[in-house]
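Pasting the structures in now, so scroll down.
Here chain A shows up in two complexes: once beside chain B, once beside chain C.
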Partner chain A sequence: MNGEFWPWWWGALAIGGIATAYPLISGRMLGVSSLYASLFERGRPRREPVSEFEAALMAATEAEFGADVMKDTTEDARSKLSRWRLGAEAVRPLFLVGMIVGPALLGLALGDFRWSLTLGKDFDGRYGTFGALPIAVLVVSGILIGFGTRLGGGCTSGHGISGVARGQSGSLVTTAVFWSTALGAAWIFYLFGVR
Partner chain B sequence: MGSLIQLLFGCLFGVALSRSGAADFDKMVSMFRFEEVHLFALAGGTAAVAALGLAVVLRSPWSAGIRALPRTIHRGGVFGGLLFGAGWGLSGTCPGTALAQLGTGHVVALFTTAGILLGNWLFERVDVTRFGISRDSCN
Partner chain C sequence: MDRCELYGAFLLNSSLKTWQIRYCEGAFTECERYRLVCGHQNVPPNLLPNGKLLPVAKKKDE
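Moving on, here comes the complex of A and B:
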């Protein structure tokens, strides 16, 4: 990729649009760390939107009258969509694959795909090019990011976009914390005269 | 069909992250040092567009079955935010942009992604509930 990026408002429309269309079509809010979580949580029971009481009632009804009575024979388009969305849960991690493949395919199609040993001029300036230090920094950063996003229940997409857009207090707080921490880290680099 | 949809949206999101500049380390440094407004504007604009879009979608009849759980303030959010923020400050990367970086040929993002997987693996092994933190807040 060359250094030309989309204007901010085009990126905002694209990412905001994806954050709107993805829940509509897949039934899940946009959030990358949740996808990582689902990779590790296969087989473990999750928080369900249905209350415990409701779930117990449904189980008792099914036990008493059989599974057939649970099927709504006058199922309308809406609940079919709902059922289909829930069925697509298992294949969610493919989203992560798409995140790598998509830019690669576009880069190849446009002819601007380049292999690179660096993340940028400033990255090399700070840590050096493809040596022990930059690699160690990235691994440690990754651990902090991976562990921290699970602890916080989301990342820049899950909290920063989806949660904040919904006005969720937990997302607003968590986003404020990680954003200011990142700015604080940059401030520390600045104080040490490092770009 | 579900697989195709996940792949497609993943592709779109990866493209948007890389082409908008969100996955670029140098652009991120410019943002953190308040030299450029680009990524701040991108973040704010994205939140605004998503707020509008989700307000419509989540209030529409088509919201049936969309899993949009409340995100309440919790201890994990503060500690997790500190750790994630530190990682972001050091590497200019988040879980999403690391993948977009891989997709644009930045091989060192393999190390970041390996770290993210390791961080997830460690989280599975630590009993965070001992500290009053939920294991499931990502759901």
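Moving on, here comes the complex of A and C:
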């Protein structure tokens, strides 16, 4: 396997497998951007009801599920209702660590593993390996990706894999928009000679 | 779920999402709204999944 891409269908099987297994184990649909966002959302204060309808709904929720649920975060409530599951709280760190460790272990097994501080020759050739420019590019890209995924309510995994597989209309539209935008942007850069 | 008026309302805060976990994503056949839809009956906008009625209905801009 040295120097070659791994077969495409390995990725297809892995993505299909995790997209199916993740909801069964955690009780939540898979969405990588949401997983990362959740790392920074703990302890966020609960918002007070803003309308008569919401206040009535909160009262009905307390009557139906008890006062404890009103104090819980979504994940606490979810795990109480689905004790047989590991729960999203437990699966999240496993998943995030697995995204890094999993490919590394596979690379080791196939003899492809190597330490590297670069993002590949294409990125390095355009922005350089070290210095302010590649860092600035990564930071700005990260901010744009984070803003876009929060604005769109999900990313390629949440909408493109989980949402589309469930036939959710919002995910179908979102996926069509971000894929067509990406293709359009790539073609514009290509036509204007930006490689 | 896409057509249920209350489904989106359960996203207003994390406590309300318990309804989604319990009914929409869990025992959806026990949802009174789902039963009415399956029986081709009108679903009152203030009907909760447990069959109880909210004293107020959701306004269109909420």
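Heads up, the rule we're going with is that the second predicted complex is superposed on the first by the 134 of 195 C-alpha atoms of A that agree within 3 Å, B and C clash if a C-alpha of one lies under 4 Å from a C-alpha of the other, contacts with A are read in each partner's own complex, and residues count from 1 in each chain.
Simple rule for what comes next: a contact is a pair of C-beta atoms (placed from the backbone, for glycine too) under 8 Å apart; a residue touches a chain by one contact, two chains touch by 3 or more.
Worth saying up front: this structure is predicted, and the values here are computed from it rather than measured.
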First, second, both or neither for A:Glu64, with chain B first and chain C second: second
Chain A residues touched - chain C or chain B, whichever exceeds: B
Touched partner set for A:Lys121, first chain B, second chain C, both or neither: first
Partner chain in contact with A:Ala56 - chain B first, chain C second, else both or neither: second
Touching partner for A:Thr149 - first (chain B), second (chain C), both, neither: first
Which of chain B and chain C A:Ser169 touches, first, second, both or neither: both
Doubly contacted residues of chain A, that is, touched by chain B and again by chain C: 27, 46-47, 49, 78, 81-82, 168-170
In the complex, chain C residues that touch chain A: 2, 9, 12-19, 21-22, 25-26, 48, 50, 52, 54-59, 62
Sites on chain A touched by chain C in the complex: 27, 46-47, 49, 51-54, 56-58, 60-61, 64-65, 69-70, 72-74, 77-78, 81-82, 168-170
Touching residues (chain side chain B, partner chain A) in the complex: 1-3, 5-22, 24-27, 29, 32-33, 37-39, 41-54, 56-58, 61-62, 64-74, 76-96, 98-109, 111-124, 128, 133-134, 136-139
